[in-house]
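Structures are listed in the sections that come next.
Same chain, two partners: subunit A is paired with subunit B first, then with subunit C.
Let's look at the complex of A and B:
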């Protein structure tokens, strides 16, 4: 019974196993990046960047059709361009970073929709906005695992400056000049993870498996290492449960995964031991001597 | 004297231009296949505009202002009906068009949309009636009558064109039946991504099974994909077909997982462009049958 509900779908169908590997890779790469984004109060930046990827992916699509390499390359180029461009305007003019980013990503989004429409068929846009976690081929899986590997390696190497920049950027600036390159490397990591998520979940939902687990983890840990571990766990759990829900209830897989992550988040908001609702409303007893 | 001659000549010329411009009846067809019928019946007497062009999908089409302009100028608008173009009534009204609206499927017995995994698709009837050549002949007579109603002077031309075209369709129908008959009956089963061949199945006995419902805007769930894969394995379905307007990656995955053969492209909702294999309705049907035969005969 339990076997039928939980194991059999993956044992019987290869596409389910592939989807599972795909969300594992997305979780391992995306969730840690999400935690850093959250700690740096850049949660919405991820969403803006996910939309900024669209014109690049659309250009790739226009040139080569639903081709993995062209769309990946286009997405990364567009994402990095927007990240660097918005950063440059924020430093060179009086506009703040969030406003310049908003301007960039709105233009990108409109440009992307226009480019896809140029090809004449309007259904293709839906394939780009909603990815296909159920149709991951070998090349896409290699790409996703590659992105996860690179992400974990880069995070390991630049761990100290990254954490420092989250908690005390001024101190980091006073002791080291690593701040700018680390910031740029981090933005690049965010872009490649979003591009990976875009292949599996589409541009609209790519950011979901990055931010929701990170926000979830905030309620369970104060330590950043533990927070990342919990975020990865929450993302993997959402992936498994989401796929099973899609399998048993017949709802589209991508949205099912993100909705599951949303449920996990909601439960954490209420029950989380670190600043969760229950903790606030029903405080524990004070320690007494 | 000389000047007067020139002026007279100019006047005659202007009159001739005006007359030839007037002769063309402005006609709008909602999508490419219907446009092909109108082109064949109307010939040179009509100036035809097609709203959803080759390779476009009429289900999820969003009209542009230039479409409204075309409608406002048109004398007659041909629609498929059977809820294929949910947007057309509002568009005709919004464009302030006084065009006669002719439903080309009038007189066709609609069939139920294919059932899938227990629950019926919401749309009820299947709009893709042109997939049976017998129905295409009804389209043609409706187009003919619609054109005669707005342009009685062209009656003789329209009737002759329609007669010629109907004869071609008769030949096409015989050809399709003969080709399908050469496929072994137990192998007449394929999977295709867009469930648009209900009328083809009813007319020629080839079964089409789709991973998605009747409308292309629904995203397939893991349950749908699993059901299709099980079905291919259980019924030993020999071939999977990619279509011109749905996600090819999903079908590739299903084919990889079942070992079914991947057929070529079947055209269902839209013609291909001029250079493609399905530039006209007759080419489209021939192409589809050829692809089916190639994938299903062992």
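Let's look at the complex of A and C:
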């Protein structure tokens, strides 16, 4: 019974196992990046950037059809361009970075949808907007695992300046020149993880497996290391449960995964020991010291 | 005596408007210098210029035997994100940056020094607390512990005693006196004139232009303080280009 519900779908169907591997890779790379985005108050930047990669991926699609390499390259180029462009406009003009990003991503989204419609059908459009987590081929799995590996390595090497830049940027600047290159490396990590997420979950939901687990972790830990571990765990859990729900209930897998992550988040908001609603609703008696 | 820091016709500012204007002078090694002046006088700007966070508009800052990386810098409390999930221990450990760097290890000897620094500021027992749970005074103690670990020859303090109680100020002043005794150069931006008179032998009175610089008692005269206060804070959008350059 339990076997049928939890194990059998993965044991019997290869596409489910592939989806599982893909989700694991996304969780390992995306969740830590999401935690840093959240701590840098850039949660919505991730969302905007996810839309910004669409026209690049769409151009790749226009040139080469549903081709992994072309769409990945296009997505990364578009993402980096928008990240750098929005940052430049924010610094060179009086527009704040959030407004400049909003302008970029709205135009990008419209442009991307238009480009896809030029050549493809509505099915192609849905494919790009919502991803194909149940149809991951070998090449895509290699890409996702590669992105996760690179992400973890870069985070490991740039951990200290990355943390320091969030806590005390002036101190970092006084002891090291690593601030600017590390910030740029981090933006690149964000873009490649969004592009990876885009293959599995589509441009609209790619950011979901990044930010929802990160926001979840905030309610369970007061220490960034534990926070990242919890975020990865929450993302993996959401992936497994979401795939099972999608299998048993016959709903699309990508939205099911993100919805599961949303449920985990909602539970954490209520029950989380660190600043969750529980403490507010049931404060408990105060301590002696 | 050699100079730890020298300012040569230094002008620092934002968007071409000077915040520190034509500053000349030298800070001797081992000096204990207070930098005072009204809000907007350029005190913080001067420290940012020294650590290289701000490029001079004109003139230059010469460092004696130290490099920028060897300067211990305590920014104003407001510049630090207190909500970031990091423990007191990890915050203080950042002071080991010079020896540990990007990926270097933190060994047993380092951990002993870490514990000593945390005890020296009276925060023993707080190691695993998140910095968001500290009081303003405890946070400042933690940052002083980080400075202790940095073991810097030149130490810059930006309003280190703002909003602290008497006990904390006195404990932290003991550390400053210890640094002075160890012949380290200390520059502190301060607002409490009485404290400066009592504890700091040398003072720079800044009001965008340097008003006076020398022995504290000679600098902090009523006339000098008055003329510093008269200095207007606003930038004029239509200010003419300064022709006073050397």
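Criterion: the second predicted complex is superposed on the first by the 286 of 289 C-alpha atoms of A that agree within 3 Å, B and C clash if a C-alpha of one lies under 4 Å from a C-alpha of the other, contacts with A are read in each partner's own complex, and residues count from 1 in each chain.
As a convention for this text, contacts are C-beta pairs under 8 Å (C-beta built on N, C-alpha and C of every residue); 3 or more make two chains touch, one makes a residue touch a chain.
Fair warning: this is a prediction, and the values are worked out from it, not measured in the lab.
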Give the label of whichever partner, subunit B or subunit C, reaches more residues of subunit A.
-> B
Subunit B versus subunit C as contact partner of A:91, first or second or both or neither = neither
May I ask you to decide whether A:247 touches subunit B, subunit C, both, or neither, giving the answer as first, second, both or neither?
-> first
Using the superposition on chain A described above, determine whether A:227 touches subunit B (first), subunit C (second), both, or neither.
-> second
In the superposed arrangement, does A:16 touch subunit B (first), subunit C (second), both or neither?
-> first
For A:161, is the partner it touches subunit B (first), subunit C (second), both, or none of the two (neither)?
-> second
Is A:66 contacted by the first partner subunit B, the second partner subunit C, both or neither?
-> first
Scan A:178 for contacts with subunit B and subunit C and give back first, second, both or neither.
-> second
First (subunit B), second (subunit C), both or neither: which does A:132 touch?
-> first
Sort out for me which residues of subunit A touch subunit C in the complex.
-> 39, 157-158, 160-161, 163-164, 166-171, 173-176, 178, 221-224, 227
Under the touch definition given earlier, write down the residues of subunit A that touch subunit B in their complex.
-> 9, 12-16, 18-19, 66, 120-123, 126-127, 130, 132, 134-137, 243, 246-256
Any idea which subunit C residues touch subunit A in the complex?
-> 48, 51-53, 68-69, 71, 73, 75, 79-81, 84-87, 90-91, 94, 97-98, 100-103, 130-132
Taking the complex as given, what residues does subunit B use to touch subunit A?
-> 53-57, 60-62, 117, 216-217, 219-226, 229, 245-250, 252-254, 256-257
